[in-house]
Structures are given as structure tokens and as C-alpha cells.
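Below is one structure; the comments refer to it alone.
Which chain is which? They are A, B and C, in the order written, and residues in each are numbered from 1.
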Amino acid sequence: MALAAIELDLDVFSGPFDLLLTLVLREEVDLLELPLADVVLAYLDHLEGRGELDLEAATEFVVLVAALLELKSRLMLAGDGDEELAELEPIEAAEELLARMLDARRYRSAAAHLAQLLAREDGVRFREAPLPLALRRTVIPPADGSADAAQLGAAIGRLLTPPPEISLEHVAVRIVPVAERLAHLRELLRRGSFSFEEAVAGADRMTVAVTLFALLELYKRGEVDWTQAESFGDISITAPASAGRSPMGASAHTRAEGAAG
Amino acid sequence: MSGALNGAARAPAETADARALARVVEALLFLSTDPLTTAELAEATESSVQDVRDALATLAERYAPGVSGVRLRELAGGFTFASDPESEPAARRLFSRTRLQTLTPAQAETLAIVGYLQPVSRPEIARIRGVSADSATATLLDRDLIEEAGHSQFGAMLYRTTTRFLKLFGLQSLDDLPDLAQWDPAPEEEAQLRERLLAAGEARAASG
Amino acid sequence: MSGALNGAARAPAETADARALARVVEALLFLSTDPLTTAELAEATESSVQDVRDALATLAERYAPGVSGVRLRELAGGFTFASDPESEPAARRLFSRTRLQTLTPAQAETLAIVGYLQPVSRPEIARIRGVSADSATATLLDRDLIEEAGHSQFGAMLYRTTTRFLKLFGLQSLDDLPDLAQWDPAPEEEAQLRERLLAAGEARAASG
């Protein structure tokens, strides 16, 4: 028996299971919108209906669903940048992932909006008849010599240009080393107390995030004390009142320093 | 019925010249596949833009819902005639050629990205979607909803939306697309997401 | 059949159903490229031929000369809308002007590839451009800027430029095509232009 016999009736798709696979591979059904749990439930229903277990078909099903699951989780993790993400500090990776998720979400919502617009225009057609012959005959061809051959040369020049090493440039997050931020905070601390705002004046989002991470690190090591009067308020940072405050533990140190380097 | 038409004759169409202009504008809109701007109509009819506007107002009454099976629509920066949806069942029976089918989610998403970011390259679309956009892009090109728009500085082909896109989606211009920020999560939700991601990232770093 | 267009049939259009049918027939005639017979219209609208005739009579009044710039005409066994001849001068101004198009980037690129490499096959053009060249090739053929030049050894159609191409660009012969040195990023390379274009195209395709 074939898995094709399993009929699915889901929001995004209804039809036989093997067609679903084809459509997923051709990107005509969005895997991200496909509830795999429902697919599994439909399969279990199917099994129950038959009253017997075809071991071969069951194995095939498990393999296929596992492959779909893996594919789907990769999609959800925004695929192509995984190696890059792995090299980022956790906080950087989190920011990058967040930015990507928000972006994906914006365009997914925009896509839903477009689908609504299209649905609103359902049943509207336009005339697409060619012009009557009498009018078509009046087409005026551009005059001889009116085109510039230089545009042909320019087009070839563009086509001869090899692509740059693939352009992750516009994707890549600027790397802000924690060590540099640690040094910056220590330098400020030597001059007495300061506020977090001062420490990150004019800095970009990534630097702000890494500075906060560095600040946490200094706090763990007992090098600073900080207070924040209210949520989202400025943070004031001072040298610790008692120098005897013990650090959080050697293992945390080692890991953070390893990451910072 | 002719009664509706006579009743529609307001001030602008009262002179014989104004009525003649409305007829010519009507014929041009009928002939043209693309929406025509008031400037194009004025130039073709050798009239003022104001006279063209008056003619369009006359036609809007002549082609009002319930009066005519054809509607005068303002789309893609110009004016065009379109069928009234009430005739769709009959149109479906008569014409084998179907109108634009609905878009798959992948196509809608790709179209949204091109709509908002144009001109935009395929690698960039793929980056935002997290998956390749090749087949969706090809289909959208095929359906004349997007078109090529030169090359990026890195040599990748750039894409933009077409006039047909605006027409089929009932838009006057790209400015009719709502601000993307309206789909941003609330600040609390964003903060929550950030925390969860950070926690996951730290767990991964600790285990790795 | 005779008399379908003379305005004798006022009474039927007085009912709401008859008016609705007239609107749908109007929309179908508007959308159709070819004349439609009363039988076709009756089938599409699921009405009787007599009701369709009455609807056509109503439309004949609505689209009478001097009333509308579009005419309802009975041709070769069917009905069709056509623009009124009074609009022809304006239509000529409008459509002959918009026909004077410059080359789109895709067309310029395809034309440049044919110009410099001729004879060249469509698959080769697509490989160099990294995207399909079908629609650009069709337009260039249509405008008589390129023409077919036999088949390659693998059976693909080959293209070359035409005399019209030389005239349009004001060239005496293909030798007058601009020297590429000023646009060539690596003029010192020994390889043939064709090989280098294919290599760059494939690199672009690989990079997305």
C-alpha cells in the first residue's frame, strides 16, 4: 500500500500525502504553515481505519515526517546564516535572530494583506484585447541612428563583471568584541561613577547590547555595582561599596573570558 | 437604460464639446490595456487636464455600479475600465482562460518583499524568507506581477513590481501599501521574544 | 436575428432581471477579444436567446453613436464593442506615442549579447544573463532587431542582429560596435569574450 492512500484535509492543503510532499518540495505549499502534528494524526487515523500495521509503509512515513520536521526546523531557524550565528556571542545571536524573526513576520503579514487585496478584487477582469489593426499600423519605429551603441557596450561590461565574493556583507552583524567593551567600562570606572547612557552615547544597537553584556560580566566579577531607579530608566554604575564582595564562581569567569576572546 | 444616462448629464457634460470629449476619453480607455493618466488623456485629446477630469466624472456616472456591467476604476496611477464582479460567473463559463489564480504563501511573501523593498535582488529575498525564492520569483515573473529592474552593484538581478500588479491588486500606487511597522509586535512581546532567544542562545553556548 | 439592434425592445429592460442581464452581457462583450454570438451569450449567462437579444437592444441604445465613444456592432454572426471612428485621431496620438519605447534593460542586455557574440543561442543568452531571455528575445525578434540564424549543432535556434539593428544604432557594420575596453573590468585577460561572459554568468547564478 502506498502512503498516497492517506488523504489529508488541512487548512493549507487537502489531498493525498504524496502530493503534499511534491508541493512542499516545489515550495507551492509553505512548510512553515503546515502543521506536521495534524499530518501525523491523519496518519494514525488512517492506521486505525485499516486495523493492521504495514511495517514498510510505517517506516516510510516515519522517515518522511522526520525529514519534513528537520526541514521545517531549519526553516524556522532562518537557514543560511547558521554557521555565522554559531560564531556570534549569545546576545549577538539573539539580537540577530530577533531581527530576522521580526523581518520575516512583517513580510508574512504583508503577504497576508496582499492576499486579502487580491481576494477583494475577485471577479474583476480587465480587457486585454489587442489594438484594432488600423491603430496598430500607426506604430512609429524609432528613427535610424536614434539609439546609442554605447548602451550595448555598457551592458556587456556589466555582464563581464564577475560577482563579488558572496554578499553577506549587508547581512553580517558587526562584531563587537566583549573585551573591548569591558576595557571601555573599566576605563570609565577609573574616573568614578557614570551612567549607562554615557557609556553607550552615540553607539549602535549592537554595541549597546554588548556593553550591557559586559556590564553584567563586571557585576558578576564584583567589579561594579549598579542601580536602576525604574524600569527602562538610566542605569547608574559605581565601583562596589565593599571591595570584599565575592565573585560568582570561577567557572563563569572562564567561560565568559573564553567567549570574550 | 437611456434614462439613467440622460439624468447623469450634469454641468460638465452639458456642452456638446464636453460630451464629445467624454466620448473620446471613453473610447481611449476602452482601447488601452494599461491604465491611462489624466495627463496622457489630456495630451491625446488635446484638452486641458481639468476638462479630462470633468469627462471622467461624466463617465463615472455612466459606468456606475448597477448602471453598467463595466466599472471605471482608478488604478496604478491612472484610469481604466474593468468588469463588475457580478459578471464573473458568466465570464468563467465563457472564457476558458482563467484570471489570476490565488497566490501560494511563498509567492505572496516574495511579492510582498518585492513590493516593499524594490528594487530588490533574489539573494536578498531569500535571506528575508529564510528559504530560496527561485521558484516563486519565476512564477511571479511569468505572471507579469514583477519584472527585472537592472542589476545590483554585486551583479545580482533586481526586481520590481509591475503596473499589472497594481491593477490586479486594486492599488492606485505603491503608497497604498500599508506601513510595514503596523505588523510589528508590541514592545512587551518583542522583549519577551528577545529574552527567550537569549536564553536559548546561552543554553547552546553552555552546552557547546 | 434581424432587428436585434433596433430599439423596439424597451419593455423587457424595465425589469430588474433584464437590467442585470444587460449588464452581464455588456461586461462579456467588453472582455471578449472576438465577436460573441447570441447563442454563446445565452449559454454563458444561462438565459434564453430572446432575453439576450433584448439585452443587446438595451445596450444598443446605451452605446449609440453620439451617446457613447464605444459602439455595439454586429459583425460576422456576432456582437462586439468597437471604438467610434471619431476617437481615431486621439487614439493615434496616444498609441503611436507610447509605442516609441526605449529598450528595457533586459532587452538591451540581450541585444548586446547577440550583437557581440552572434550567432548565439537562447540557452547561451540565458546562461550569460543568469535569467531566462525568452521574453526579451521575443520582443527583439518582433521589433526586427534580431533574427533567426539557423540551428546550433545541438539543435538550439541561433540568433544574429539585423540590418534594422545597424540602422537603429547608426552603425555601418558590426565592426563599428563600440570597443569594449572602456567597460571591460579585466581587458588583460586572454580568454575569448564568449567564455568570459559565460564564466561570469555562471558565477552570478551560483551566487544567487
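The rule is simple: a contact is a pair of C-beta atoms (placed from the backbone, for glycine too) under 8 Å apart; a residue touches a chain by one contact, two chains touch by 3 or more.
Note that the coordinates shown come from a computational prediction; the quantities given were computed from them, not determined experimentally.
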| item | value |
| --- | --- |
| Chain contact topology (line, ring, star, complete or other) | complete |
| Identifier of the chain whose CA centre is least distant from the whole-structure CA centre | B |
| Distance between chain centroids, defined by C-alpha means - subunit A, subunit B (Å) | 28 |
| Gap in Å, rounded to a whole number, between the CA centres of subunit C and subunit B | 20 |
| Geometric centre distance via CA averages, subunit C-subunit A, whole Å | 40 |
| Residues of subunit B touching at least two other chains | 30-31, 81, 83-84, 86-87, 91, 123, 126, 151, 154-156 |
| Residues of subunit A whose C-beta touches two or more other chains | 125-129, 131-132, 135, 158, 161-163, 166-167 |
| Complex contacts: residues of subunit A adjacent to subunit B | 12, 26-30, 32-33, 75-81, 86, 89-91, 93-95, 97-98, 100-115, 117-129, 131-132, 135, 158, 161-164, 166-167, 170-171, 255, 259 |
| Subunit B-touching residues of subunit C, taken from the complex the two chains share | 13-14, 19-20, 22-28, 30-32, 36, 40, 43-46, 58, 61-62, 66-70, 81, 83-84, 86-87, 90-91, 93-95, 97, 104-106, 129-132, 200, 204, 207-208 |
| In the complex with subunit A, residue positions of subunit C that touch it | 27, 30-33, 82-83, 88, 91-92, 95-96, 99-100, 102-103, 105, 108-109, 111-113, 115-116, 128-129, 143, 167-171, 176-180, 182-186, 193, 196-197, 199-201, 203-204, 207-208 |
| In the complex with subunit C, residue positions of subunit A that touch it | 125-132, 134-135, 138-142, 144-163, 166-167 |
